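Once you scroll down, you'll see the structures, which are given as structure tokens.
One chain, chain A, appears in both complexes that follow, with chain B as partner in the first and chain C in the second.
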Partner chain A sequence: MRRGFHALIILWLVTVFVFLMIHIIPGDPARLMLGDRAREQDVEDLRAELGLDRPLPEQYGNFVAGLFQGDLGESIRARRPVVELVGQALPPTLLLIGASLSIAFLVGVPLGVWAGVNRGGWADRVALGISLAGQSIAPFWLGLILIAVFAARLGWLPTSGTGTPRHIVLPALALAPTALGMVLRVSRVSVMEVMTEDYIRTAEAKGLGRMTVVGKHAFKNASIAIITVMGLQIGALLGGAIVTETVFAWPGIGRLAVDSLISRDWPVVRSVVLLSAIALVVMNLVIDVAYAAIDKRVQFE
Partner chain B sequence: MTLASSNTDKHAELDGWPDAAGLSDTFRRSWHLIQSEGRLALGGALVLLTIITLAFLIPALSPFDWNGQDLTSRLQPPLWIDENGLRRWFGTDALGRDILTRVFVGARLSLLVSFGAVAGAALVGTVLGLLAGYLGGRVDTVIMRTVDLQLAFPVMLLALSVVALIGPNLVNLILVFVLTGWPGFARTVRASSLALREKRYVEAARGLGAGRARIMGQYILPNALGPLTVVATFELAKVLIFESSLSFLSLGIQPPIPTWGNIMAEGRSLLEVAWWVTFFPGIMLVFAAMAANLTGDGLNSIVDPRLRKQ
Partner chain C sequence: MSAEHPVLSVRNLRTEFATREGTVVPVSDVSFDIDRGQIFSLVGESGSGKSVTAMSVMRLVRPPGRITGGSVTFDDTDLLALNQREMKRVRGSQISMIFQDPMTSLNPVLSVGDQIAEPLRAHTSMNKKQVSDAVVEALKDVGIPRARRRLEDRPHQFSGGMRQRVMIAMAMINRPKLLIADEPTTALDVTIQAQILDLLLEICQQSRTSILLITHDLGVVANISDKVAVMYAGQIHETGPTQEVMTQPRGPYLWGLLRSMPRLQGTDALDPIRGQPPLVTEALTGCRFAPRCAFRAEACNTDPPSHIVATGHEVRCHFAPDSEWVRQARAQAGLP
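Up next is the complex of A and B:
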């Protein structure tokens, strides 16, 4: 209950912040969108069209009323409803993030568990090295290098665009390491912590094999922490996706955001910022609730 | 909960001042720690320091001007695969400019923005975190709500939109990363102050009539510095990558002034003919970010006893 209320307040603050963003900046919003060289008449027209000539509270009211009706305004550049543009860009982004998270999960969790069980050994060092590298590589640079090697030099995979399953391989590989590093770290630490628990000693004392102990007892308990972090990673992945999508001409939210930013298509930029914030808040709320449902020891004040 | 913010409850064990024997023991243990766990941190810091030194040495020693175009030596490959023997270590770009020189002039700007932003974020975050943690009540609610609001936005997207609105220049870039970076510091310092404000030595200081500012600055802040430094090094790695991403998207420092990001942006269209234009600035970025993360890891294992090896 308390959590939900808190999330609602944050959501409200998010709408206020996003609404005010363009007004806090010195200068006339309509002028900012059209640039310095635009004719005064065009600026006037845009101002009237976006309702920027009305009092602020009224503008905010219209903005929120629009939100509840699923109306995010119209793109200045494409002359189409923002909802349509975002709706088109969302599936590719979800696909890309999903693919990257799967790679991060499939590689990161086993490596992390392996490192956590062999704490301090060479396996641990190798895993930590991988995680360190993963968190230090800029996804867009990795993407460019992958293009240079696997697309330009070897010609195995397409350089950019979308269409076939082969198109997603390079962008997903470029975006995965950041999340992978984090997933690896968290699974390592949580397995390490779990391995010192009494019930693990009990399980070992019962004569259960190492694989059973790790797989059944340690991993099960470590998975909660891993899931929590996966949720937190969505924000970082979305950030990485912005540049990665631009590099691979991937028609997702990130590229939509960058294109709109560069052409100062404020209604689209504002909507992307707003929607991703709402997505993050809701996601974290869901994770918190799920966390409490899985682990009864977690109590909210 | 982040790793760093959980450090503080371990600090709580040091209640009151240790006596002389305890102190020398503490000292011996600290020294041992720095020797065993500090190697990582030291290694990372050395790499960063090397990059900073090279950022000043190489452009000064280089026979090539960072913006000196030379159309006769366009797109020269790096030294070891160069058949014409023009001796360009990292090769040249489409205008014949020396990549090695440009990468290290670019390092100056990338590092300046990142260090500036981390310092600013640490300052803002520390002050707000101290206030929130020590004063509590309404101040705490307002500050922490602002933190939550800030964390609701993906950092990259927020930074991009704000820079696009206020214009990409050095000061604005630093400001934007202060804006996106301060919540991490505020959270960490708040957690430390919450744990520390009930300590007996703080109560004693309060009993002796020390004011709030004095208690926060002199008694709480020094004990919160450990976790704070750890957050700062991790933040440095993040800002380095964010700054390059913005530059790459042409929303950072503008050409012809080189940054790692905008050199890579220039190299993007040359990928098939001149991979080195993209490769070298990117690998420097990896080194710098890795060095910062390594320093953070090392410091973290010194600060957080649970991460120490047995």
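Up next is the complex of A and C:
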């Protein structure tokens, strides 16, 4: 399991980086958090509370030891364990990313396959246009437009917040196009490539229908690339979620990150970055396992 | 030879490819008949139009390629007149095909058992059990040991020769009337080639399946085929019963081909045909082989008709009917 080993090294590097972040920024972390006008005594107290008065290696040791016990520290602003804050923010974000990824998959893949099979035709051109538009639109801008049209003017959907299933529609629609464009593009190209393979000719020579040739013989081979891009898009969606959640007041990880950054709630920021990194590393491992499940030639050492 | 209709009758077939540089015509005027149970070889250099002819018979020429003329009659049915659904019913059940490279012709992510079963599922109403039994039987027939245990294996778990056996099992599972084999042994080790060819012949003989064998191996042609057609630049240059054509060639192209074959006896250097075959465009006129022909004359600037020089033996050369000219030219070409 060399891949697992690589993943561990990456995670270790992330902990080091996240830990050092606060020390790399010029100035005293405690002072930064409390602001210029804070009393010297308060700064000293915070420093002691965060353990910043200890030697660096000892601080890092405590940080990692805490991680293993599921202790991410305490939020300075909310005065609550970071684990609790993150635990509350995680489900809405997963829901939002899941919804956006579903839209990207359900629309992007069929359009991409359709375009790839009809290379150069009008279907192909329409699909490429959609892909280009999707990848060019900024989620925050689309979010504001969606709010203006569907919430403010038409009143069909709530402007922001959470609570009912209707609340997720606009944020998911705002976040999806970037991933959709990418998924469409990759589906198109990989289907196009696969369609020129010899085994597609073999399948046609067997008298199989178009649906079987494309849906079974071509798609199963193309799906390797599609799964890869879906996995990578989760990272991009996580980034996009920061803006989208802020625009729609969606109580997820992204908004937590922004709020914490603004109020210099360092333990929270650090944890969010760390969790995102873990999510991406785990996602990559899942993709590798999926490869092996689809294509039996892929072997694990 | 027989009173039956030919299984496949191709007349004046023409297939064009529209490219940016103009229209290319890889198959411009091809006619031949294949009888029931007959082995028909189509030989020629790379790019002479052999494979496009085969794909045209299957109607699997991909755009920008298009069949623009002639007829393909299979078992009294005009294949070119069928709609897509009717044509699909012919492919894989009545006419099937095996290809040159068994490494790339099988789908890498599907199990071998599934791929062999597909023609059965597409063309018969067998249930699951019957299909799986038939697949095992087909694998046994092509000499794959422990067949039942290999159904779930992927193509990469088989060697090149074994994969070609899988291809044969797949193509023959519906007992087609015609098998098109496009250079079925070219990609294989020399030691395996004979085995695969023997297997192919044996299986086809059992079901009286005719074979359209595409190859550039004149040795194979001489050994196994009943009839041969030599293609050059999109046309059939010379065709006839193998025995007659290979021992009494009448056209300068086949003379050249036979002269350029290595022999065990004798120390003479090989005598290749110089130059390259032309790219066949619409603008091409005259005898297509003329630029490379050692015997070209004034007359070669006009299209030569196909002359019948003996029973079933046709040659596309102005001078083929002139036996005195042929005798002299043959002597000059070093042929008996």
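As a convention for this text, the second predicted complex is superposed on the first by the 296 of 301 C-alpha atoms of A that agree within 3 Å, B and C clash if a C-alpha of one lies under 4 Å from a C-alpha of the other, contacts with A are read in each partner's own complex, and residues count from 1 in each chain.
The rule is simple: a residue touches a chain if its C-beta (ideal position, glycine included) is under 8 Å from a C-beta of that chain, and two chains touch if they have at least 3 such contacts.
What you are looking at is a predicted structure, and each value in this text was computed from that prediction instead of being measured.
Participant: Following superposition onto chain A, is the placement of chain B relative to chain C best described as a clash or a fit?
Facilitator: Chain B/chain C on chain A - fit side by side.
Participant: Please work out whether A:A292 is in contact with chain B alone, chain C alone, both, or neither, and reply first, second, both or neither.
Facilitator: neither
Participant: Should A:D198 be classified as contacting the first partner (chain B), the second (chain C), both, or neither?
Facilitator: It touches chain C, and chain B stays clear.
Participant: Mind computing the angle chain B to chain A to chain C from the CA centres, in steps of 10 degrees?
Facilitator: Spelled out: centre of chain A as vertex, angle of 80 degrees.
Participant: Quick check on the superposed pair: does A:M21 touch chain B, chain C, both, or neither? Answer first, second, both or neither.
Facilitator: It touches chain B, and chain C stays clear.
Participant: If we overlay the two complexes on their shared chain A, which of chain B and chain C does A:A78 touch? Say first, second, both or neither.
Facilitator: Neither partner.
Participant: Which touches a greater number of chain A residues, chain B or chain C?
Facilitator: On the superposition, B touches more of the residues of chain A.
Participant: Going by the contact rule set out at the top, does A:L280 touch chain B (first), chain C (second), both, or neither?
Facilitator: Only chain B is touched by A:L280; chain C is not.
Participant: After superposition on the shared chain, which partner residues are touched by A:L67: those of chain B (first), chain C (second), both, or neither?
Facilitator: After superposition on chain A, A:L67 lies in contact with neither partner.
Participant: Quick one: minimum Cα-Cα distance, chain B versus chain C, in the superposed arrangement, integer Å.
Facilitator: Least C-alpha distance after superposition: 8 Å.
Participant: Indicate the residue numbers of chain A shared between its chain B interface and its chain C interface, in ascending order.
Facilitator: Common to the two interfaces on chain A: nothing.
Participant: Mind listing the chain C positions that touch chain A in their complex?
Facilitator: Result: residues 58, 60, 88-93, 96-97, 99, 101, 104-110, 118-119, 122-123, 154, 156, 167, 170 of chain C touch chain A.
Participant: Quick check on the complex: what are the chain A residues that touch chain B?
Facilitator: Where chain A meets chain B, its residues are 6, 9-10, 13-14, 17, 21-22, 25, 32, 119-120, 128, 132-133, 135-138, 140-141, 144-145, 147-148, 152, 189, 235-236, 238-240, 242-243, 246-247, 257-258, 261-262, 264, 269, 272-273, 276-277, 280-281.
Participant: Inside the complex, what are the residues of chain B that reach chain A?
Facilitator: Spelled out, the residues of chain B in touch with chain A are 3, 145, 148-149, 152-158, 160-162, 164-166, 237, 241, 244-245, 248-251, 264, 267-268, 271-272, 275, 278-279, 282, 285-286, 289-290, 292-294, 297, 309-310.
Participant: Using the touch definition up top, name the residues of chain A that touch chain C in the complex.
Facilitator: Contacts found on chain A: 197-199, 201-209, 212, 216-217, 220-221, 294-297.
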